[in-house]
Amino acid sequence: MMTRALSRLAPLLACLGLLAIWQAGSLMLNTESFPTAMSAVRAVPSILGDKESLVNILDSLRRMAIAFAAALLFAIPLGLMMGRSRLVASFFNPLLMITYPVPKAALMPIIMLWLGVGDLAKMLVIFLGVSLPVIYHSFQGARAVEEKMLWSGAAMGLSAPQRMIRIVLPAALPEILTGCRTGLVLALITMVTSEMIARQSGAGNILFNALDMGQYDTVYAMIIIIGAMGIGLDAAFERLRSRLVRWSEPGFDIPLSFA
Amino acid sequence: MKVLPSRPDFEADPALARGPAPAMIEIDRVSQTFRTSGRQAHLALSDISLTIEDGAFVSILGPSGCGKSTLLYIVGGFVSPTEGVARVKGRAITGPGPDRGPVFQEFALFPWKTVLGNVMYGPRQQGVKSPEAEAQSRRLIEMVGLKGFENFYPKELSGGMKQRVALARTLAYHPAVLLMDEPFGALDAHTRTRLQNDLLNIWERDRKTVLFVTHSVDEAVFLSDKVVVMTRAPGRIKQIIDIELPRPRRRAELLLDPRYQKYVVEIERMIDDTSEDGLRP
Amino acid sequence: MNARALTSEVLLGIVPIALALAVWQGISSFGYAPVTLLPPPGLVFSRLAQQLGTSTFQYEIASTLFRLFAGFSIAVIMGVGIGLAAAASPAVNAVVRPIVRVLAPLPKVALYPALLLLLGFGHESKITLVAADALFPILLSTYYGASMVEQKLIWSAMAAGTPRRQILFKVVLPAAVPSILTGCRIGLVISCIVVFLAEMISSTDGLGHMLVTAARTFQAVDMFVPLITISLLGLILNGLLQGLRSYLLRGFPEV
């Protein structure tokens, strides 16, 4: 019982531990550009209390949510089709391979050139960023579905599209959700990065404006806010995931997040 | 030759002077309980006592889940018993050691090493110099019939060949006891028979002690001096049958031998009879 | 699969890329988009070829590659080290696990301003960011691979006389290599992406910086060049890693 409670509290303890290390480090370094954890945490409410910042942050999240949803609608079907058809897979794979190492947020300047600085450009970038891992994981998931399961489905009289929805989709769901989890953190990262590069509005913009103006407490408070969003979104998605695919073997229980 | 100090009681009786064959493995009142994910305890082995003489080929036979592999792992030192003690050459077993070499159903070959690399692993670990270890290993590979495959990787071999490599890898560090955990269980019937014959031929050369876990009655009778029949979980020893068939054994002759057939039928009846299972205190 | 099927698959894969190039060419040559917004592919690639010969461009590539490799190497060393330690020792695991749980989903790029303040605008802050981002996939896949090692492989080695403390390096590490390399592959792509972004956000050199400079002056051609370069670098590095992989894993069954 004790150990169980402890293991549930462990991430919280880790957060506190990291903040304590930060606190100790800043006290030791004692420079203006590295405020203590305490003063950074104290600056959080003032940012969230400020109407303009809050609107900015919520705007960022809205764009992220729309782009994330659109990416799932596009990427999951494509990934599943690639997984079940060699033809589709060999058609798209090289294209995905050359686009994989391109930082999607780096397309921001070019996309802004075409679409302006509005919501559309930002959402397009997030959409591109989320799509790749979701396609990849859906592809892997669908490819691993056992052929015999599909044969039984065909024997029961399911048509090809029906087999896709009623057999391939559920069977690949654990893998798809792993992709979605990576995609979610990625959406946040792409959002922040594109705002850092475009410097128009949003959470990333607040962060860098504060950096330029030397408001160090605000810089670190924003880092805490964005970090908390990442951890919170991930934890929430993980709860959803473990409910949806209770039947499956647990794989990685920590997502592989990256930009 | 080492001369034992004379003991008066042995001198009195010439039959005793020869003494019983020295015990290689003693399993003394061993029980094993596993904790499953809940708080339930699962009793896998219950109060097992068994003595295996040096040079004996002993099979442990039982239905799946009767703990026969667990017993083998205890002798291997991979699992320590919840109760009781297992000894090899009179010393209590505290962990794995090169005096007891396992051969697993899953082969467990190192995928990053070639056939030669796998077989050389044990001797190298024992501190044998590389050229000598290689020469020894090449001889063993030839003995198990894989000459020419020294530089192949395990993935390039069939199941039967992999098990031959696993056997050679274990023989390479000269264990006093071979611990075989359903070694031929994953092979097709034909390969299985060939490996059984080859195993007996290899065994005839130096008659190592073998503890052989299987669920095949034919296999147990064909190979062993002694068959230990176990009950369903929790595993207990139901009966120990001495197989008094002449050696060297030839499969074709044995299959026609009424004594062989009688052993097989007798043991199969014994396994089918579940009345005793789980009822003993 | 025979060679012919393989060739036809490769050809099929080239189709969408060729198609994209054709559409790109079409749009610019039929005048749907002005050259200032979308330069034709010919122009972009000839510009790339011309740039590749200049020493300034080579210098930019070199500084990007230096940061990329430095960060990636740190991530590999730390990731494999911590991953193995966490798999081998329950005590390390108890400490590392919750910390990784918290730090893995953290958007590392948000830490970049702090890194700039602490480490300055030079190489250090960028290398640290690359390492921080590439670390987790490598750490997690090392841990995963090391804790999934078949028990009987370890038993076999122990029975052959391997002391417990050597098992980690003689069995667990080699058995985890396939998983570690998968992590490295993800980490490498991440390194490419992150180094470029860091250079875009604040730098005085590197490919990312080239893109930002070109964007400020609306030089569309020069914006495409660094993007294509990083894509090619990613492909080449991935190919090299793939080669290393098939050499190291020559004994392992196909995954």
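Residue numbering begins at 1 within each chain, and the chains themselves are lettered A, B and C in the order written.
Here is the rule we use: contacts are C-beta pairs under 8 Å (C-beta built on N, C-alpha and C of every residue); 3 or more make two chains touch, one makes a residue touch a chain.
Because the structure is a prediction, the values reported are computed rather than measured.
*Asks:* Taking all protein C-alpha atoms shown, work out their mean, then name the chain whose own C-alpha mean is nearest to it.
*Replies:* C
*Asks:* Farthest chain from chain A, comparing Cα centres?
*Replies:* B
*Asks:* Can you identify which chains form the pair with the largest number of contacting C-beta pairs?
*Replies:* Top of the contact-pair ranking: A-C.
*Asks:* What is the distance in Å between the mean C-alpha positions of chain B and chain C?
*Replies:* Centre separation, chain B to chain C: 49 Å.
*Asks:* Between chain A and chain B, what distance separates the C-alpha centroids? Give it in angstrom.
*Replies:* 53
*Asks:* Report, in whole Å, the distance between the mean C-alpha point of chain A and the mean C-alpha point of chain C.
*Replies:* 18
*Asks:* Sort out for me which residues of chain A touch chain C in the complex.
*Replies:* Touch residues, chain A against chain C: 10-11, 13-15, 17-18, 33-34, 86-87, 90-95, 97-103, 105-107, 109-110, 113-114, 185, 188-189, 192-193, 196-197, 207-208, 210-211, 216, 219-220, 222-223, 226-227, 229-231, 233-235, 252, 254-259.
*Asks:* Chain B touches which residues of chain C in the complex?
*Replies:* By the definition above, chain C touches chain B via 150, 152-153, 155-162, 171, 174-175, 177, 249-253.
*Asks:* Under the stated contact criterion, what part of chain B meets chain C in this complex?
*Replies:* 73, 76-78, 95-98, 100-102, 104, 106, 108, 110-114, 121-122, 125-126, 153-155, 166, 169-170, 173, 175
*Asks:* Please name which positions on chain C make contact with chain A in the complex.
*Replies:* 9-10, 12-17, 20, 37-38, 94, 97-114, 116-118, 133-134, 136-137, 140-141, 144, 186, 189-190, 192-194, 196-197, 200-201, 208, 211-212, 214-215, 218, 220, 223-224, 227, 230-231, 233-235, 237-238
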